[in-house]
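The structure appears right after this line, and notes come after that.
All chains are identified by letter, namely A, B and C, in their written order; residue positions are counted from 1 within each chain.
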């Protein structure tokens, strides 16, 4: 996999940084759900992560476009950068909804989903680090773990929706349905990252 | 198109199987709408189709990544596998909503949309088989048919929404709107499959 | 960038036409919001733009698939065609909602968002023309402008949602939320176009 690492740019270091930024966002999401009184401050911190993620992604893509690598590698690395960024974007969109919808009290379901999401981002980051360190069998193990975490969040999401629709207030339903959808999409995006990592390992390892 | 068929893997046989699995899911969707009393049993069967689709897609992608073909072919075949899988995923998401939302009686609009969708998946499968058999002009004809079926579902969806919003109960609206959206998205995904098939024929035939 | 322009097809002329078609759609969207009495007529005109966009996109993709260019260029040009078409599709979906939801009076927020969107499509079209004329530094400047317009629409969207959820009528909320989402997505699609243009300039200029 040497051709991956042109001397001037260590792309996997950049991916590593981007993944750790996602963990930070996910932890802040869990924090805000446990401490809605500090919504404004924590929300700003998540916004910073989202901006940092954008900056990192543009940096990676710029360097990819300026680096001589084969089209097929570029495609994979490009997709990886975009998907890691999607996770933090969706976390930010979720947190932003608390302010937009003036949600003052978290639901226990949101807390559970956010915790599982944080765990998923941690495994995702481990998988990226393993790829950086060329520990390919570890990459595959972490990807399987991400898939099983994603399945768990999926089930949780489904149960959460059943409970949500027992509510009588349609506006409450609209608001929280959107929050849960963002949490579920963020988890889906982690699974997409895992799929790309698996494909890279299969192709080049 | 010989380079498409390395001796070890007949990708088009795999696509053929995946398409037939989608038809099965679409038929079960029609069945469940005509027999909501058996929701639980039929729902499980659709879930099996969805899992089977996942399995088939991973198998195709794994084999693609392990097979020496040019990047551009790989991209097309990869996109085809993903999109066929999207159709069955959306059918499953739709069926799952009946349970989550505790819908007990189908609407006539849902039945009509599901029937048109089943017809679309049948033509989609015919198009894939035609590609497998190198009947390229048939592929193109079936793709045109898929496009016109998709337009019909689109119109149906629009009329269905008009009728839905004449309802007074917002929660009823939220639930059925989501069901109709999945039906419409499944039909869109069939059209995406048709577009990829057309592109493959244009490029290689 | 000569290899981009095989004698038989000037792709950038085609992109130029497609972008101007998007401006037309965006202007009609602004017009309809200022004159809801003529919804039916103006709506038909937007529908024509959407169909024209489809036709142009298929034409570009067909020609791309028939032209000998390297895979990586093709990917970029293909993505550009699809994304420009997404903008007009989303504008049409938005306008269609006025009829489906029987909206009779525009909100001031929808007018503001539509105006900003029209401005964005104008800059997008300028960026495409600049690429056609090989004025690469202008392309980059216009792309930065698109990004800042997109940020403005994002903020507007957020404020609009806050105001919308102060309404008591959930069905009103459902309807207008969807309209605003389409406006925001159209603006996102313009940003995607800008990202592709920037990548093309970076890679080939």
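One rule holds in what follows: a contact is a pair of C-beta atoms (placed from the backbone, for glycine too) under 8 Å apart; a residue touches a chain by one contact, two chains touch by 3 or more.
Keep in mind it's a predicted model, so treat the numbers as computed, not measured.
**Q** In the chain contact graph, what is the shortest path length, in steps, from chain B to chain C?
**A** Steps on the shortest route: 1.
**Q** Tell me the angle, as a multiple of 5 degrees, of the rotation that maps chain A onto chain C over the C-alpha atoms.
**A** 120
**Q** Do the two copies chain A and chain B share over half of their interface residue numbers, or under half; same or different?
**A** Counting shared over all numbers used gives less than one half: different.
**Q** Where the centres are mean C-alpha positions, what is the separation of chain A from chain B, in Å?
**A** Here the centre of chain B sits 27 Å away from the centre of chain A.
**Q** Which chain B residues touch at least two other chains?
**A** Residues 71, 75, 170, 174 of chain B touch two or more partner chains.
**Q** Inside the complex, what are the residues of chain B that reach chain A?
**A** Listed in rising order, the residues of chain B that touch chain A are 61-62, 65-66, 71, 74-75, 96, 100-102, 170-171, 174-175.
**Q** What residues on chain A touch chain B, complex-wise?
**A** Spelled out, the residues of chain A in touch with chain B are 70-72, 75, 158, 161-162, 165, 170, 173-174, 177, 199, 202-203.
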